[in-house]
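Order of writing sets the chain letters: A, B, C, D and E. Residues in each chain are counted from 1.
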Amino acid sequence: MELMIAVAVIMVKVVLITVILFIVPVPLTWLERKIAGHIQQRMGPMRVGWHGLLQPVADGLKLLTKEDNIPDQSDRVLFKIAPFVALVPPFMVFVAVPFGEDVSILGYETPLYLSDMNVGLLYILAVAGLEIYGVIFGGWASNSKYALLGSLRTCAQLISYEIPMGFAVIGVIMLSQSMNLSDIVDAQEPLWFIIYQPLGFFIFFIAGLAEAQRIPFDLAEAEGDLGAGYHTEYSGMRFSFFMISEYLVMLTISVLCVLLFFGGWHGVLIPLPAPIWLALKVGFFIYLFMWFRFTFPRYRYDQLMSIGWKVLVPLSILNILITGIFIY
Amino acid sequence: MSNQPLRELLQRESIQQRCESVYETFGMLTLTVSKENLLALCHLLKHDSALQFNFLSDICGVDHYPQRPRFETVYHLYSIPFKYRLRIKCRFELDELPPSVVPVWQTANWHEREAYDMYGIAFVGHPDLRRIYMWEGYDGYPMRKDYPLRGYADHYNPFGEARSERTEGA
Amino acid sequence: MYNENALDRISREHRWIGVTFFLDLINGLSLTFKYMFSKSVTMQYPDREKWVPYPRHRGHHVLRRDENGENKCVACELCAKICPCNCITVVPYEDENGKRRPLVYDVDMARCLYCGLCEDSCPEEAIALGSVFEYSSYTSEELVVGRDSLLEMDGKTGDPGSVVKARYLPLAQCTVEAQESSGHDWWRFIHRKD
Amino acid sequence: MANLENRFSNNVFFGTVDSVINWSRSSALWPETFGIACCAIEMISAGCARYDLDRLGVVFRPSPRQSDVMIIAGTVTKKFAPIVRLLYDQMTEPRWVIAMGTCAISGGVYNTYAVVQGSERIVPVDVHVPGCPPRPDALIHGILMLQEKIKKQHVLRRKDPQETGKVSP
Amino acid sequence: MTDISLLSKNEAGQKLTKELLLNLGPQHPSTHGVLRIMLELDGEEIRGVDTIIGYLHRGTEKLAENFTYTQIIPLTDRLDYLCAPSNNLAYVLAVERLLEIKAPERAQYIRVMMAEMARISGHLLISGALPMDLGAMTTLLYVMREREMIMDLMEMITGARMHTSFCRVGGVREDLPDGFEPRCREFCHVMKQRIDDYERLISENRIFLKRTRDIGKISGEQAIDWGLSGPCLRASGVSWDMRRDNPYEIYDRLSFEVIVRENGDCYDRWKCRMDEMRESVKLIEQCLDQMPAGPVAVAMPDIAFPLNKITVKSSMEAMIHHFDVSAYGFPVPKGEAYVSIEAPKGELGFYIISDGSPKPLRMKVRAPSFINLQALAVLARGCYLADVIAIIGSLDPVIAEVDK
């Protein structure tokens, strides 16, 4: 019986998380368009539903019923699987992400995560890195020069920004003495790590912007020079998978920022349920991402690389040194 | 602005012997020149320290269809240091083409390509003489007077003239 | 050169401070943030509001009537001659009073430049370019407008140069019905207070 | 999904599905960023703050694969005509075309050797928006007309025999 | 240490890699129309540039030979469609030179004012489009918002938002409407603050600086040699502005500064336009201040349409003139004239050859964008792919004007 309940709970959680993750991009696209609108003194979607709330639904349905075009000279297999390869890693990341402390539902104590790995952080960084394959496959299989250039840029960018990102996290691990995400959050109970690790957070955030391919690092789909970048040739449903994956990566980075540096679900002053605090903080970061997008231009490819290797990597090593001295 | 100082400067022998006539129309001095002297004159006008016509405003091809010689190129020069403006005209038939002035002014490149595209004036010594507006293989030179305004009738343009009405030389 | 604010001054005088603390980026972010909470300048065209163009607007052609309600046009064909794109066709006839009138007066909206030369050349001030601009069509043949529909078009009416309330009627040829003036001035929106 | 078109008989259920699909298609029309001449500037104006096409769910996509509607905004010359056709072919079904401005509809004043006399000769045009250039309001009106047209289409149901000819709205 | 470049060669020293040919355009989000550029890429670095134009060649010059002088006016609008009044002005000045007439003073002020408004509208668009090509989309939205004000004023004066066709040979079409001056002053007031806003948003931004500083550099002598004009030339340190050096209309009565910058890179060209907009706002204000009363067109019934149609009907002579001018145009004395003005993009010249008939024998447009765009091949060599976008944006070509 115990086992049955445990399995059932896990199943429920899996379904819940999957559904939530599939749904989250819907309000996010609406939010992005609304934020863009208001920053630009426009209104954003207005006609579909109340203040355009149903706009993402209409977009999604339309993309679903659109012709799924596969270019003639493309590598068909890779072209078909690329969107799924891009879509799966962000889902896998959330296996190890805790959303709050243990709660008791119907007298049954359950933790608010799927799997409490003791190397959760490592797992997340590793799995998130897999997303590159979708992009590479997509760009390569399209047999289009724009897509190829876009995917080449993405590869180089993602790989080189993984390094400072990983290094930046080391400071956090040193402070919390654990790679388990709930332990890290618990270690921030008295004081958030942003206080101890401002440099670390800064590096992590910049690298996160690059990992999520948002402006000023959105070279993969730089409209200005590459048309639509690696998904130039994608249409309909497959294109929407890339979009969902993009939003989920953004969500992942925001969640990580909050868990690692901003105290996770621990609130300040106002007592609110843990997941709500988490959602609020994540929402702030997502807003930050969007705010940046509509304010800044983008870097050039070589400038991006030099920032990654010449600025962020040395800084992150410095951060580790400082943290080491500090702890010692 | 009075053209008198410029007129006096152009009285010099080195310029006079290279051009055919100097006259003023509607406020601008005009030199007519034969195609043999064109390049030398342009060189002189650009590098003379008192003139310094370093800015080539425009090259214009003209088709005086029934008259002979039929074609003409018109060069508008400007001297940024002295603010003079000058027009050079060179008239010729298609069998005796004018030289390219790209060695003197780089900017002449596209101007001459345009004149070639529109009138078929193939400048001698141009580094990269291709059509610029119409596509390669386009039939005819559209700005010539005997080319119909609406072109020849085709799928895209049913208002054009029939191909049989095509006149000689277009 | 331009009115600097405090952040600008700091970043200009001590460039390294600006660079280190990202004052340049913060400056831009603060501007976009400020705009985010300002009122939007959008005119909600099909659903709520509609712009009535200025009196000189050059839109759909209009044939005017004189005080007796008759067509002012005397079919002198000047408009057809001056039109750079030959989009006006006029065929004259003589009516019962012995006056020259247009039998056919077709304007090809699909070719017109809306340059206003016909309006200028008309000695009777019969043809004019009106303020109607919503005349998209599904076929290009519909865009050749004849004499009678030109006479029916209303001329330069309404409260020109302002935004009026409007209602969208989707089924009836997607017309946007203009209602009474809301006294709303587009320029007021755009003028941000200092 | 597009290959499902017109394979089902006319009944209530498919009618409802039809209207939902049509609703989604008409309220998410993504045009290409495809400006040719003067009209493109008015198209940009329509997308900007004062008129804001985003209100209607219209966002510009840089890739033809991801766009639903092509707004031909400007003069189509003979040199450019093959590219217009190519872009149209690259768009995925269902797709629509708006000819914006007199140059695109009929060639306008440019009845010359270089200009295509009407983009209808190259691609099937759904909505004509006259004007030189049309005001942004007029373009919005054209998009509204297109939306109405889309809403009357049948996606899943078989077309009536009378309708098999030219789809008239 | 082995030289890395050797790895891409075989034993015989032949290169094993080859350049990637990338076709930018003709339909591309940031080529500003239907420009096509063939790029030879080595990685992301550019080895060769071939600019292919003509996708918007509409035969304006050929058409003009078949039109009367009045009918050509609407054609000139569509050359540089961002700043139609400037084109109108240049064209009518050329015809007026041939006719040896001058427009009344009020008409000249109106023309100059509108040309300056057009300059602001043209510069606005490009100063928003350049950051947008580099990713900062919001700037474009902000500049378009202000551009709508100009469009509004244009509609108020002329009835059309973009293609004004307002200048006529010997004057302008109509007088300014009531209520224009307060609106225009309001616009000037707002505009000054808004230019500060753009500068705040973009001009100090480190990313923008990195993307535009020292990109696409050209020296003054080279710029002259390549025939650059307008802001592109002035950004390279050559102080040449036709409004000051060869004043036309009433520019000699207005005071303004010619903006000159030293570096000649993308940033300087962009900044030059920003500062020119400030000067233009001042010029508009000066025009409004100095605007004299009087007629707006010459009283020559054989050339200009009478504005008041009652005069046409009152006298037989006027009626005949009106019919003549409308139906057949007016003859222009035999001769040739080249008149150029300082358009927003540079030197805009109209060269008209008249054979004494009501239609020109030849009309040549010296289109500044056409010449400026030519320099792209020089500027882009050795840059990166993304820089090409910035360079095109900073050269500010309007393809309709390039292709004519």
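Here is the rule we use: a residue touches a chain if its C-beta (ideal position, glycine included) is under 8 Å from a C-beta of that chain, and two chains touch if they have at least 3 such contacts.
What you are looking at is a predicted structure, and each value in this text was computed from that prediction instead of being measured.
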Set of chains adjacent to chain B and to chain C: D, E
A-E against A-C, pair bridged by the larger set of C-beta contacts: A-E
Core chain by centroid distance, with centroids computed from Cα atoms only: E
Centroid-based (C-alpha) most distant chain relative to chain E: A
Of all other chains, the one whose Cα centre sits farthest from chain B: A
Distance from the mean Cα position of chain D to that of chain C, given in whole angstrom: 22
Computed distance of Cα centres, chain E from chain D, in Å: 31
Geometric centre distance via CA averages, chain D-chain B, whole Å: 44
Touching two or more other chains - residue numbers and ranges from chain D: 33, 48-50, 52, 55-56, 62, 79, 107, 109, 111-115, 132, 135
Chain E: positions in contact with at least two other chains: 29, 54, 57, 59, 62-63, 74-75, 138, 141-142, 145, 148, 163, 201-202, 205
Chain C, residues touching no fewer than two other chains: 25, 28, 31-32, 35, 40-42, 44, 53, 84, 113-115, 186
Pairs of chains, among all present, that meet the touch criterion: A-C, A-D, A-E, B-D, B-E, C-D, C-E, D-E
Chain A-touching residues of chain E, taken from the complex the two chains share: 20, 22-24, 28-30, 44, 131-138, 141-142, 145, 201-202, 205, 207-208, 210-211, 384-389
Of all residues in chain D, those that touch chain E in their complex: 32-38, 40-42, 44-45, 48-50, 62, 64, 74-75, 77, 79-80, 83, 87, 109-110, 112-115, 132-133, 135
Interface residues, chain D side, partner chain C - complex: 49-52, 55-56, 99, 102, 105-109, 111, 118, 120, 125-132, 134-135, 137-138, 140-142, 144-145, 147-149, 168-169
Touching residues on chain A, where the partner in the complex is chain D: 33, 36-37, 40-48, 52, 54-55, 57-62, 64-69, 223, 227-228, 231-236, 239
Chain A residues within the chain E interface of the complex: 36, 39-42, 145, 149, 215-216, 218-219, 222-225, 227, 294-303
